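Note that the chains take the letters A, B, C and D in the order they are written out, and that residue 1 is the start of every chain.
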Amino acid sequence: MDRVVRDRRVLMHVGPVEIELDVLLAGVRENVGFTSKEFVHAMSSALKGLRKVMGTPHYQPFIIPGGGTSAMESVTSLLKKGEKVLVVSNGVFGDRWINIFKRYPVQVDSLKAGAGDYVKPERVEQAVKSNQYTAVTLTHVETSTGVREPIKEVVERIRDNVELVVVDGVASVAGEETRAEEWKVDVILTASQKALGCPPGAGLLAISPDALSRISEESLSGYYLHLGNWLNVMRALEEGKASYFATLPVHLILMLARAFALVEEEGLENRIKRHEMVAEAIRRGVEAMGLEIVARDPSSYSNTVTGVKLSKVPASDVLNAMADAGIELAPGVHPDLANKYIRIGHMGWITPNDAIATVATLERTLNSLGESVKVGEGVRATQEYLSSRLVGL
Amino acid sequence: MDRVVRDRRVLMHVGPVEIELDVLLAGVRENVGFTSKEFVHAMSSALKGLRKVMGTPHYQPFIIPGGGTSAMESVTSLLKKGEKVLVVSNGVFGDRWINIFKRYPVQVDSLKAGAGDYVKPERVEQAVKSNQYTAVTLTHVETSTGVREPIKEVVERIRDNVELVVVDGVASVAGEETRAEEWKVDVILTASQKALGCPPGAGLLAISPDALSRISEESLSGYYLHLGNWLNVMRALEEGKASYFATLPVHLILMLARAFALVEEEGLENRIKRHEMVAEAIRRGVEAMGLEIVARDPSSYSNTVTGVKLSKVPASDVLNAMADAGIELAPGVHPDLANKYIRIGHMGWITPNDAIATVATLERTLNSLGESVKVGEGVRATQEYLSSRLVGL
Amino acid sequence: MDRVVRDRRVLMHVGPVEIELDVLLAGVRENVGFTSKEFVHAMSSALKGLRKVMGTPHYQPFIIPGGGTSAMESVTSLLKKGEKVLVVSNGVFGDRWINIFKRYPVQVDSLKAGAGDYVKPERVEQAVKSNQYTAVTLTHVETSTGVREPIKEVVERIRDNVELVVVDGVASVAGEETRAEEWKVDVILTASQKALGCPPGAGLLAISPDALSRISEESLSGYYLHLGNWLNVMRALEEGKASYFATLPVHLILMLARAFALVEEEGLENRIKRHEMVAEAIRRGVEAMGLEIVARDPSSYSNTVTGVKLSKVPASDVLNAMADAGIELAPGVHPDLANKYIRIGHMGWITPNDAIATVATLERTLNSLGESVKVGEGVRATQEYLSSRLVGL
Amino acid sequence: MDRVVRDRRVLMHVGPVEIELDVLLAGVRENVGFTSKEFVHAMSSALKGLRKVMGTPHYQPFIIPGGGTSAMESVTSLLKKGEKVLVVSNGVFGDRWINIFKRYPVQVDSLKAGAGDYVKPERVEQAVKSNQYTAVTLTHVETSTGVREPIKEVVERIRDNVELVVVDGVASVAGEETRAEEWKVDVILTASQKALGCPPGAGLLAISPDALSRISEESLSGYYLHLGNWLNVMRALEEGKASYFATLPVHLILMLARAFALVEEEGLENRIKRHEMVAEAIRRGVEAMGLEIVARDPSSYSNTVTGVKLSKVPASDVLNAMADAGIELAPGVHPDLANKYIRIGHMGWITPNDAIATVATLERTLNSLGESVKVGEGVRATQEYLSSRLVGL
């Protein structure tokens, strides 16, 4: 099927995800330069949209080339030599902060959780209170396992004892409630290809005025990811004036502007509810067919990614067979569960139809591969749950 | 949902149907004129593709502007004043032949079946043997009810007693087995927006050499639909030479050429099997949730359209609620069942995912509207059927 | 060049012409059925747009599948058996009216002009006054030669002596001033692929209330092109209600709606001025390089098509070489000048850049083929003319 | 004009430039994840295409998120603390190397040329011979002025005295002859939005085996731009295996693969000739209308960018008026010539039609703004030059 009706396949991945055609078509522009009105207008509205989606009306928004990792690394613009950082890691992408900071002259401590678990707020509180950290990094949703950290609670406990609270919202922004300013987060960041439902190619950040004031020549960062080089460009473009430091991904910005407009049209709250409903519908199906979810604590289930453990069949076989059956899932990447779980991404423009199709196809596929699943039970549970919710979504 | 994630909706309609993105993009061409190499090449390959899909290697293919109805009317190019025609009608589109012929100086007789039924081969045989008809028209799949006529058998019975056997394959070609030449059908016709999965805008025909020889100045047809005006144009274009009678739908032809290429890539037999499987999966679900199918005789179930009777709720309410839930179905149009049934179109680039999503959404929708359906039973039946078939399609 | 940078080629043809990308992208919709809100909305706004572009606020607009020829033939819906029609023909497409009417039981007289000429208003007046014609057909711009008939003057002279004045505006609507209602024209018609700048696939008409009242069961037309079958469909759709007689070219309608919106945005008057300026710029260049224009009388030069005579080189060689050089022109089709002239189409989304590029490329091409042209003189004249006009268009 | 016929405008900018529709459409894919076969295949073929375009069959190709500047900064992956670098700068983008290296613990010397000039090979030779530099950076075409450095000659003179020769080919690769391996350049880099004619969003490099062996944990670079993190990903993907370090710009890669295929189809040599011809045609016109080119030495004229000095009118006024007239040019950015020159970008999918249209529009625009240009002389010179070259390109 993959060749013949390739556009009827469904991408239930962790980014890029299924992209709305309107968003893609917004980028089909043959003659838009970085000084053109069309681009400047799109960039301005994307920056304004970002303020809304991140819940940061008074923060400085940035949209820079790259992705989640480069956005993370750009946070070194806020640090100086010798400062101390605490990384709170729930998996592969929490650990990525450690790998980044190791390349810079800062001291890094970390708190880690086992695969499927998350570092509890009290552990973070304790660590922050017994040390002098300039910055703490948190991962809202850990993409490698689908586990959600209770950001609001953690920040409440540590806010008074640390200068910078940095949140990786790569797998949460636009899919989970994110009120960064209200929660007193200093830096919130994401990537274009996640719950915003655009192609990959940009990292997006919102930075509090206090954090912003830390940017200087002494900032640790290199050149391209030094936010000081981008600051005036962002300000000018948001005000509708052409500006340049290095070339922005013009066509992707046109798409982002369209995506933010669609988020506005749907309503951010509705969008998050839609994510929550589709996520729950998938989890119900997965559990009813007899599989275990990677995230241990149901309160940490995320709206955007679900890890699913397999008992017999290697994950790679399942992924291949699923792709052949028209649904592309993501491989598990947590080293402790290598080839023993798969990930279902459910973010962006996902619908209840995707939930039922994914559960049905997974059920059939696992059954045909010899995993012991109860054929029909998963779909039924998903269907009953959806039936209990708003039909009309 | 219809505004925000509008491209994630699924169109289970009777034409236009869900269109593969590749096909649509083939028509996004800014500078292709009707004498350009690109168009001539596409038209040539579409005409060649048509020969294969209709099973008519030695017939003359035509692709003309318009659609199914204009293709039907162009058959008057094969008739002369005063000739006698028998229309075999199983519903609205069978009756359309009568309405067309009434505008011309021919004698028309008809055989009709009740809603959901079809005229049995022996009735046709009897009528043809007891009269002198120049032409008999048959409808392979009656779009208004989803009923399939056993063309091969009918033609076997009447072939020796009638000069022209004309088959309306609008709702069958590329979704049902169609071997027009082998079955000794003289004229087979379809439209671009049906199982070929393209936008509407063209009627497609294949005509046997004998039938073709009837075209003359005395033909009944007007000017635009007079196949004599198009014949040399089709011949030239198939040979790769630019030609003109009236402007062809250039961009649609580019899409048709792509669609025929995709049909070739999938394999016509595989394509028909896919239609057959998705159709059966939908019918299983529909019946298991407690609904009745319009087509009475299971041997007349079609691969492309399923009519579904409703007992309480008006069809229009169901269609609106379904559209809100992300699946667009077609209204029932047979006057005998006005507002009492809906039609599910399942043709073109449909997949098992569409089947499960359609059945699930229908179940939830009908339940919420108060139709007595067994929630969960429909999906389960569809799932069990799909599970019993090739997983990997 | 044609394969590698194929989208940088420019199509200076007579339809399809160069199409604005926005218009094409409006049709890239995977899931729009003929009963969907999106289609109904687009059709409604296209019909309303048509009223404006044709200058017919109180006429009934029609958009039907097909093209210019089918729209012409649909005018038989307004005629009855035995009525008498006068065809005023300035070339191939004027003659087409004769060919159409010959297929129907009407009496046809014609007035003809030589290639490059047009039938003078007084000749028409004389004919109409000395005969009892039900209808007179006129061709606003004769596509085969680029000659414009002074419609307003002709109608003033004949209005009181004929019931129906029918104008073929295929090569004029949206590129020439067209005030059909003010001029008391009864029927004005065009096709989607001309100055409206859309793909081919639809004929568009506006019909006066008096003319509309002639539609009946006794109308001469067949079935598909019988406007009586489409009338209620057009009315319902314009009011925003789904309706059906035969499937409309849904995706093309989405594009037409976008094109009408762009016409509105530009302003119809501005659009016509743009056509007029580009046309004049091309003619200046063509004449300055030493070539003769097919249209004899400068007052009959059209905004949309320019025929250009060649003295030595066969037209087909010029067209091929021009296409290789990145500009596609149209062949001459008037039989009296076979292979002795080419046509430059300049309609739709054409710009002064197209004018200068066309003249420059034509100059170089003709020179390289041995036609005696003054290289540099054509471009200079075009440039001087453009320089004398508004720079900023 | 900019709103109404916006896609008929021509973008003669320095990147993004005019993009071929085929390239854009290759990225319109709704469901392609970073592990999907479709992406892996595209990335593999893009990497292979990069080897060809850069003339580096045995080097390691990299395509990483970002653009020219990030690609430049990633060269710090090849350097260690305390090493000494010589930057040869002909303008803004030469100076950018200095700004980058300043953020890292290396010693930086520089050789600079005045605006419009370039550092002569002998100066570089002298500097390299009288110092111990680990690396020398050169800019093939300086985008800020359009000046080309004779790379081959410079490298011949310095090759034996420096370990790493790094060439910024941002404004040259795919538009100028680039035989990096033959010329013994170690690192050649470019960006997607330049002469490759794609949207911005990726930096592309090819690195010699010797240079590659310098990558280690001690490399100066940070994390995201550390080529060591990308190396195995590039190798795996080129071999057709999915791999991940950070998310690649999937949709842009699909477009790059298409662009490389089109380059292959055109032939790299033909492509460079096309650039050279269009560039010369523009310069002839610019000079004939009485303007001065920024690049002083004709042997340093580039195929891709032409700076044009203005005598009276501010550059910003010219750019605005040109944009209104349908041709978008780039602002001058060299501080020594602030607002006194404009840049014409001529790279990617440019054609002779673009040259003539640009020169004609510039002539008219400057004239209308009061710059003393000879209207008609520019176009004539461009036309004469084009006429003397192959018509059929």
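In this text, contacts are C-beta pairs under 8 Å (C-beta built on N, C-alpha and C of every residue); 3 or more make two chains touch, one makes a residue touch a chain.
Quick caveat: nothing in here was measured; it's all calculated off a predicted structure.
Trainee: A-B versus B-D: which has more C-beta pairs touching?
Mentor: If we tally the C-beta pairs in contact for B-D and A-B, the bigger total goes to A-B.
Trainee: If you line up contacts by residue number, which pair in A-D, A-C or C-D shares over half of them with B-C? Let me know.
Mentor: Duplicate interface of B-C: A-D.
Trainee: Rounded to the nearest whole Å, what is the centre-to-centre distance of chain A and chain D, using the mean of the C-alpha atoms as each centre?
Mentor: From the centre of chain A to the centre of chain D is 33 Å.
Trainee: On a C-alpha centroid basis, what's the spacing between chain A and chain B, in Å?
Mentor: Chain centres of chain A and chain B, defined by C-alpha means, are spaced 44 Å apart.
Trainee: What is the distance, in whole Å, between the centres of chain B and chain D, each centre taken as the mean of its C-alpha atoms?
Mentor: 53
Trainee: Scan chain A for residues touching two or more other chains and write them down.
Mentor: 6-7, 10, 18, 20-21, 25, 28-30
Trainee: What does chain B use to touch chain A in their complex?
Mentor: 1, 3-8, 10, 18, 20-22, 262, 265-266, 270, 321, 324-327, 349-354, 356-357, 360-361, 363-365, 367-368, 375-376, 379-380, 382-384, 386-387, 391-393
Trainee: If we count contacts the way the header does, which residues on chain B are in touch with chain C in the complex?
Mentor: 2, 6-7, 9-11, 13, 15-21, 24-25, 27-38, 65-70, 73, 76, 99-100, 103-104, 191, 193, 199-201, 221-226, 244, 246-252, 319, 323, 328, 330-331, 333
Trainee: Give the list of chain A residues in touch with chain C in this complex.
Mentor: Checking each residue of chain A against chain C gives 7, 21, 25, 28-30.
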